[in-house]
Amino acid sequence: MPTPVPKVLVNEVSVTFESHRRSVLALDRISLQAHAGEFLCVVGPSGSGKSTLLRVLAGLLRQSAGEVRIEADHPGSPLTAMVFQEHALLPWRTVRDNVTFGLENRGVGRAEREARAREMLAMVGLTRFAAHYPHQLSGGMKQRVGIARALASDPEVLLMDEPLAALDAQTRTIMQEELLRIWAALGKTVVYVTHSLEEALLLGDRIVLLSARPGRVSRIYPVDLGRPRGLEVRASPAYGALLETIWARLREEVVRAMAEDRGPDPDRASA
Amino acid sequence: MRRFGRWLAEHSIAVGSPLVLLGAWEWASATGLLREAFFPRPSTIAVHLRQLGADGTLWGHLGATLVRIGWAFALAAVLGVGIGLAMGLWRGLREGLDPVFAVIYPIPSILFLPLVGFLVPPGEIAVVVTTAVTSFFLIAFTTTHGVRQIDRVVVEAATHYGARGWRLFTAVLLPGSLPSIFTGLRLGLGFALIVVVAVEIVSTSRGLGALLWLSWQILKVEDMYATFFVIALVGAVLYHGLAALQARLLPWVQDVADR
Amino acid sequence: MPVALLALWEMASRLALVSPRYFPAPTTIGAVLVDRLTAGDLGGALLVTLARLGLAFALAAVPGVLLGLLMGIARAFRAAVEPYVAFVFPVPKIALLPFLLIILGVGEPAFVLTGAASAFFQIVISTLGGVRTMDPRLLEVGHNYGAHGARLFWKVILPAALPAIFTGLRLGLGLALIALVAVEFIAAKSGLGHLVYRHWQMLSTPEMYAAFALVGALGLLLTRGLRALQARLLSWQEESF
């Protein structure tokens, strides 16, 4: 059996932020792959470079070293579309016009844009709110618009940066199930950043655990919890065991990151 | 009718208190409690206002003031928004112009009258340019501020979805700075009115400011009040009109009323 | 950049590219400024304008803040007073000058009150805005922690409104300066505004520009100084425009 070409290939990628005073190594020789149709979750403590990795994949940031390849299967489609953490909608555009924004920039005709917006808004359950402005929507609804905007441009790979982090617990749970439904319907390749292990276990095919500063791949865990997956998976013993394993490792990383943030104790140091 | 009744009930104090005040003023002037020479009765003022309107005096002066404000505001708005946008977009320009603007801006605009008079033909043009000075700076400042306060994440998202160059400008940077630009336009219009009245007092024989000053000099107190009323009305209409226009044109801005 | 502009002006004037009669060289103006500030009329005029400004500001600040706070706290009072404030706020206060002149006579009280009126309404509007746009959760927190009545006012409402009040005072001071200089230009026979007017009429341009520059420096000092003071005193506040 020939090994399939990975949809997303990240090879030895490093990112250094140079500011005039100091330089920060945000990503240190990261390597990972996502297969076509895979739901890949990236987990790590705050500051481990998760957003940086997504921004490199999205082409918003150039890596300092290494290679990024995204396999293009549909000519004319954009390589990536990102769902941003703070939704990042254009406040002066209605929901519909936010969803069609990317298509508009690519010169897609009006009729097709409208049809596509209708389809995507139906998929995220916002048909009735097409003419609303973002400020008239709740946090969960705004995030759905962000998802519809990304889906509307029909990207090769869907990138999501903690899209549910700002939502309340109930809304988040509902959105997680919706994401699973949409992903099952569209079969997109997804790279999904979250700081919630539970979320990664519910959604992902594999989990990439990043270490804290500099961001390195600590380990990659396959999630063998079956599909289709729903909230009831949380009751299964396999879920509990995997959560325990990854959490033990993640806790180490978090503790290490916090210790570094605290730095050497100034009272101690002077004594 | 029912809705009007409810509106009236809710706003009874707002509608009632000016009426009560006018009534009290009328009564106090009539009974001599207030000196009628200084505080003529509202009803007398109304009569004088009607006379000024009927013989055309008022319209001539009002027209002159409005034309000046119109030109000055247009000048300040076009230059202010244009230069403000450029300063918001290009750092070098901003850093070059900021110190110059910071020095000139706090100077009360009436003082520019002599200076402007040296630079452009004195008369109408000098009046218009002087009126435009402070408005220009205000509008340029708020426009620059408007460009700079746009959420960087929103700009990044727009770029990610393919908005570049001119398209980024028209679809993101311009609409993003519009609320701030409107605030500047409103402030600028208010300042234009202040300056035009002051300039008209000093250097012209036409315009509401000139009419006000003339009425004082020949001690036509009722005409003074009538003119003041018209100036106040112009101020209120311009100010609240632009606010209403903003609410209409920028429906995505939530708190127009609070700005 | 300002230095470059001044140098350009200096050259243009010296080489008579622009008429030195209307645009004397900055160094000439500077010499006049230094000369007249200590010995001549400039220093005196500056003091007069400053005194008027201080008085006008004091007269506007205290009642303005009080009225704004009262309107913010008492709904019925606000409903009664707001129409007047909304009507008078956009009116150029310089238009009040002739009324004050006939009622009070030509003199300092009329001049100063015109400046005070300019500042007053701005201060009222800003203060009211500060109370009204305050986060209602703060009130609830205050209640929860046992602040009621006067305590609630002193410990929660006033501090919450303070940044807006300070902004109002700053803007008010600027407006008072504008109004007073205009009054001096138009009606008073003293002060920096009058000095600009007189030297304009006599076409003694170096003196005119010197007074002009002094007003500019005063304005710059006041706006910058108050901004710095605000940043210093209200350090919890975010940068505001």
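Per-chain residue numbering starts at 1, and chain names A, B and C are given in the order in which the chains are listed.
Throughout what follows, a contact is a pair of C-beta atoms (placed from the backbone, for glycine too) under 8 Å apart; a residue touches a chain by one contact, two chains touch by 3 or more.
Given the structure is predicted, the values throughout are model-derived calculations rather than measurements.
Participant: Using the mean of all protein Cα atoms as the middle point, what chain has its own Cα mean nearest that point?
Facilitator: Per-chain C-alpha centroids ranked by distance to the global centroid put B first.
Participant: Between A-B and B-C, which chain pair is linked by more C-beta pairs in contact?
Facilitator: Pair with the higher count of C-beta contacts: B-C.
Participant: Could you work out how far the Cα centre of chain A sits from that of chain C, in whole Å?
Facilitator: Comparing mean C-alpha positions, chain C is 52 Å from chain A.
Participant: Express in whole angstrom the distance between the two chain centres, defined as the mean CA positions of chain A and chain B.
Facilitator: 49
Participant: I'd like to verify one number: the distance from the centre of chain B to the centre of chain C, where each centre is the average of its C-alpha atoms, in whole angstrom.
Facilitator: 18
Participant: Which residue numbers or ranges of chain B touch two or more of the other chains?
Facilitator: In chain B, nothing touches at least two other chains.
Participant: Which positions of chain C touch chain B when the two form their complex?
Facilitator: Touching chain B from chain C are residues 1-2, 5, 22-23, 76, 79-84, 86-96, 98-99, 101-103, 129, 132-133, 174, 177-178, 181-182, 185-186, 193, 196-197, 200, 208, 212, 215-216, 219-220, 222-224, 241.
Participant: Can you list the chain B residues touching chain A in their complex?
Facilitator: Per the stated touch rule, the residues are 151, 153-154, 156-164, 167, 171-172, 175-176, 178, 250-252, 254.
Participant: Can you name the residues of chain B that touch chain C in the complex?
Facilitator: Of all residues in chain B, those touching chain C are 11, 13-14, 17-18, 38, 95-97, 99-100, 102-111, 113-115, 118, 141-142, 145, 190, 193-194, 197-198, 201-202, 209, 212-213, 215-216, 219, 221, 224, 228, 231-232, 235-236, 238-240, 258.
Participant: So in the complex, the part of chain A that touches chain B is made up of which residues?
Facilitator: Answer in residue numbers: 58-60, 78, 81-82, 84, 86, 88-93, 101-102, 105-106, 133-135, 149, 153.
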